[in-house]
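Encoded as structure tokens, here's the structure I'll be asking about.
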Amino acid sequence: MAILDPDRLFPVDPNVRSMARGLYQSVCDLPIISPHGHCDPAWFAQNKRFSNPAELFVVPDHYAFRMLVSQGIELDALGIPKADGQKTERDPRAIWRLLAENFYLFRGTPTAMWLEHSFEHVFGLDAPLIADNADAYYDHIDQKLGEEDFRPRAIFERFNIEVLATTESALDDLKWHKQIAQSDWTGRVVTTYRPDAVVDPEFEGFHANIEQFGAITGEDTTNWQGYLNAHRARRAFFKEHGATASDHGHPTARTADLDQSEAAALYQKVISGTFSANEADLFRGQMITEMARMSLDDGLTLQLHPGSRRNHSQDVLATYGRDKGFDIPGRTDYVDALQPLLNAVGFEPGLTIIMFTLDETTYGRELAPLAGVYPALKLGPPWWFFDSYEGIKRFREATTETCGFYNTVGFNDDTRAFCSIPARHDVARRADCSYLAQLVATGRLRENEAYQVAYDLTYGLAKKAYAL
Amino acid sequence: MAILDPDRLFPVDPNVRSMARGLYQSVCDLPIISPHGHCDPAWFAQNKRFSNPAELFVVPDHYAFRMLVSQGIELDALGIPKADGQKTERDPRAIWRLLAENFYLFRGTPTAMWLEHSFEHVFGLDAPLIADNADAYYDHIDQKLGEEDFRPRAIFERFNIEVLATTESALDDLKWHKQIAQSDWTGRVVTTYRPDAVVDPEFEGFHANIEQFGAITGEDTTNWQGYLNAHRARRAFFKEHGATASDHGHPTARTADLDQSEAAALYQKVISGTFSANEADLFRGQMITEMARMSLDDGLTLQLHPGSRRNHSQDVLATYGRDKGFDIPGRTDYVDALQPLLNAVGFEPGLTIIMFTLDETTYGRELAPLAGVYPALKLGPPWWFFDSYEGIKRFREATTETCGFYNTVGFNDDTRAFCSIPARHDVARRADCSYLAQLVATGRLRENEAYQVAYDLTYGLAKKAYAL
Amino acid sequence: MAILDPDRLFPVDPNVRSMARGLYQSVCDLPIISPHGHCDPAWFAQNKRFSNPAELFVVPDHYAFRMLVSQGIELDALGIPKADGQKTERDPRAIWRLLAENFYLFRGTPTAMWLEHSFEHVFGLDAPLIADNADAYYDHIDQKLGEEDFRPRAIFERFNIEVLATTESALDDLKWHKQIAQSDWTGRVVTTYRPDAVVDPEFEGFHANIEQFGAITGEDTTNWQGYLNAHRARRAFFKEHGATASDHGHPTARTADLDQSEAAALYQKVISGTFSANEADLFRGQMITEMARMSLDDGLTLQLHPGSRRNHSQDVLATYGRDKGFDIPGRTDYVDALQPLLNAVGFEPGLTIIMFTLDETTYGRELAPLAGVYPALKLGPPWWFFDSYEGIKRFREATTETCGFYNTVGFNDDTRAFCSIPARHDVARRADCSYLAQLVATGRLRENEAYQVAYDLTYGLAKKAYAL
């Protein structure tokens, strides 16, 4: 018995559904290109078994645990580790039961579909998770996790992943990537250059990070040129470990293009520790433009992920640390914010800047008009809360008419939850095929074109945009 | 003959329509829970006949008369009373004819559907209202209104209302609620604590209101502690008259959590009458947090209705007063605005804060992410202009994927137009069942789950959120 | 063979499609009312042949060339003339080939549908444009353009245009309109009063423009009264040449209603050349209210087109000038911005103010609520990037429930691309009929009403709103 409807996410009209199904069948077995995500490279370097179902599906997945928290279940009870290392719930089976008892909360959410996709397709389960089968589910998954076939590398291969990008801090030694490269395993796991810790003056430990940045590169990061050189060195190091992109998670989309002397003076301010919030934001904005200029030399694709208001709950931040489901999207301006960057490098051949948003109002009003005219600018797929059927539908409906398909870059799963990778790509492929079938059925696209576009959205555009 | 299509608002695909109809049939006869509205409790206390069709359907309904005004019909001609008591149109039949002649203006609007629902289901009419049958309509309705069966209490019972909440000022003596309670009628009409007049320093007569607030509670409202005690006293009084919730209609969603000494100082400023617009807003924001703290003691659910820019036309305000259709929604921020409140009480067990919005852009970007993680926060239904088929559809599509169904609270009719209550609940039930059927048809929800969710959206969630 | 699907843009459900088709058939042959656009009146005055396919379809159409630019094709290669008159690509066939080779970029966009509509319905082509048939296409169109039947006036008549409004600067001598009027041709081409060059202190050459404004009207434009008189004189002159409307392209929707002495002082500041950005915006806002007051006298309909952030690329502006596809929509406020205007003239009988937006978030939140109550205010159709199937759908879904159909004004093609006029009106008629059929199928509108509304949206409302 299947848990999921095999025709899920296809349009309801029988003819359009049939067209969507045909399109989907042409792309559902294509390899997965995962150019942006947050899997742990240690999994593939060490290839140890995943410890238990709760550690696989609940503890690392903020989508899953935030919903449980929203109904009054405490983070402690879900095994979320405390920032100071203090113990929380240790019995994974107890955590799993909480998930099972409260699984009805996820009705209608992508999280339910991702989890059920994993239960059915990864673990071969055939009934929905409920309180009554919680233990049987747990035992089944736990037993599978003990099998050789369920080690990270085996799953990676079964998922048909052609390439998986992880994300590492600029200060990371990339030892896991090194270990993967030196192993006899042929899976392609590449890193991504994420320099927030040495670019954002408001990042915790920024000053120490800058010192470490100098130490590991041998550059004098007490001055602007040395600091830029340190970036160049680290970007080269990341490229050696497969990186084809950098990624930047800024509160705003602000960019700047100061004179180098002004930029150098601003750098002195931010490393002195005495700067205003506005100067911190300006510095981050200046660094986007600097990163773009380095991309002209080294070819890394530049990704900007702005708009998250992080750590909304001070108590949760203090007790449990970052990335605990309390990052909330906020209004984001792009038109004025991107002008310095686009005026500086927007026409540079070979440069690819991928812009993400958590503010859907900007799809049609700002981002599609910008991506529909500047050669360097491309639109990233729907991100975070919007990586969902309705989110993808709104994205396509709001952007395609203005910037077409070819100024977008395919799908990103952006996940820390390994098993959700094929589930998320499957949702994206279904949602895109449904959208394309709807265009064909309403005379806005020819059927043969729809097949080409489906291939490009699934495979071609991501490979091209990330040079993979 | 029916005026309305019995399958209205159901999806057009025959299979999905059939599923939606089945879901609807399972909830259409459930009692109405009306936890938030603006009916006049005097109707049920006195049980007098409604005076005439115009006074029932046009004069008190800003949805109806604002559309007529938009096409150049004067407020005077519609019988809207002037603020100074000066006479306007007195012939209800003339007002009614204006409605009939211009009924085409409402094509495609929820107002048309609500009115036609009342015409058909309350008054047994069987042809659409047009200029030609205006008088016949008038006579028919007017005659019915004279019958015992059309007195307010009889209609209330026929509507199958389990509980109806009205909204009263903190200064109200609740005499109508007292009278209802003391009568032999068993209909449940409860009040709601609405303290805007004594919380908003910019409310007309604020200073006098505060004095009266002190007088009726015996508290010294010239100081902060006395003022808070006066609230406590009035909340207790409202609870005695059935209140299970407070309601706050603020221009913004700003909240604050000042030290008590700062709050006390701010209170001195606002009662002194010399305060800035920002201080007024800060005070309103502080009071939301104070109200939430009182809710921890007395269990009242807290509702915040921010975002209306009231009284856009100065002439209409001067001539006709408040609530005359010239309140316009505006952009509203929630992420930063709610942070002080949620950091103060967002994890308190047993506390329910229901957040409304007139800014639909915040559904997916701000409100669903917040309600999807903070236990105390729930999302109110689509409000005011968005209490409509498309409004409900957008609400569900934008929020469900992020916060699910169980962080929402069912439907509010929020109406001053008594006859529209079942019409509005019917629209909400149909719209929700259509949405659920669409989820089932696209494999996002199982059919048995859809029946449970339909029940919860119609009945269970509202009872729980408002502790009714 | 048809290039386009004859049932394009109709709903997919067979019954709803049939209803939409029926509605469409009732309006598809109605004459075109084109009350707002940017065609060149010289075409109809001189009636010369269009020079070649590239000059007809690519060079003047920023929708077409911006998409090509977004994929790295240079403006030079597309024949876009430089601001200094320097030569760019001169071979129209080379430009045409670029369009053909890259036509896949337009998949799913309205531009593709508009172009294909022209290819099929204006030029009788029967296969989609691809690289392989680029030359055959070019030759076919070029030959047709040489025929008498393809001169501008013949095309105008074949398009069944009842009236076409162009847009001219307040300083224009309207010689082409004069020449048309004096010719024996009966096509109705009217002008529109567009005074941005003498109203916007930040317009290039503002100071010289004001001098010229005085010179051509004989008014003393060094003072406020003379300046206002110059407007009155030019409005009268434009009315003599058929104008029934003025049009205003401002960065924001800000309006003002200063005392006349303050306005006069502000005018002195702006013509002195020493003014702040805020004063420039305030002056533009004041002029909207002044224009509305003049409309009370001369009956011109007032159109406000706010929200475009023009000339985003400084390089493109410097090299190629204005209107080169680098105008990007931005967030726009209406509630506060329009309050001075609407408080001044919002209830004036006979006044029509048509408000446009590039910020779709304001449809339901701000514009429909405002247009749904102020008699003078009407909503313009979806504009620019939103003149598309999805754009029209979103517009109707977000506005109809609040302000109905009768506070909207039919369709504007707003185009510089002559051949796209019937294509655009066809899209609007199809999209509106699809929307109406959906309302009927879901019981929100009766079928006979839908036919009346379809007629009004296609023909009646535009004639009335623009007094044509």
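Residue numbering begins at 1 within each chain, and the chains themselves are lettered A, B and C in the order written.
Following the convention adopted for this analysis, a residue touches a chain if its C-beta (ideal position, glycine included) is under 8 Å from a C-beta of that chain, and two chains touch if they have at least 3 such contacts.
In UniProt terms the chains read A, B, C = Uronate isomerase.
Quick caveat: nothing in here was measured; it's all calculated off a predicted structure.
Annotation: the subunit A:subunit B pair of sequence copies touches via predominantly different residues, less than half of the used numbers being shared.
Taking only C-alpha atoms, you rotate subunit B by 120 degrees to land it on subunit C; that is to the nearest 5. With centres set at the average Cα position, the gap from subunit A to subunit B is 40 Å. In subunit C, 11, 13, 361 are the positions where the chain touches two or more neighbouring chains simultaneously. Those residues of subunit C that touch subunit A in the shared complex are 4-13, 66-67, 69-72, 104-110, 113, 128, 309, 312-315, 325-326, 328-331, 358-361, 385-386, 388-391.
Partner subunit C is touched in their complex by these residues of subunit A: 11, 13, 15-16, 333, 335-336, 339, 342-343, 346-347, 349, 361, 364-366, 368-375, 377, 397-398, 400-407, 438-439, 441-446, 449, 452-453.
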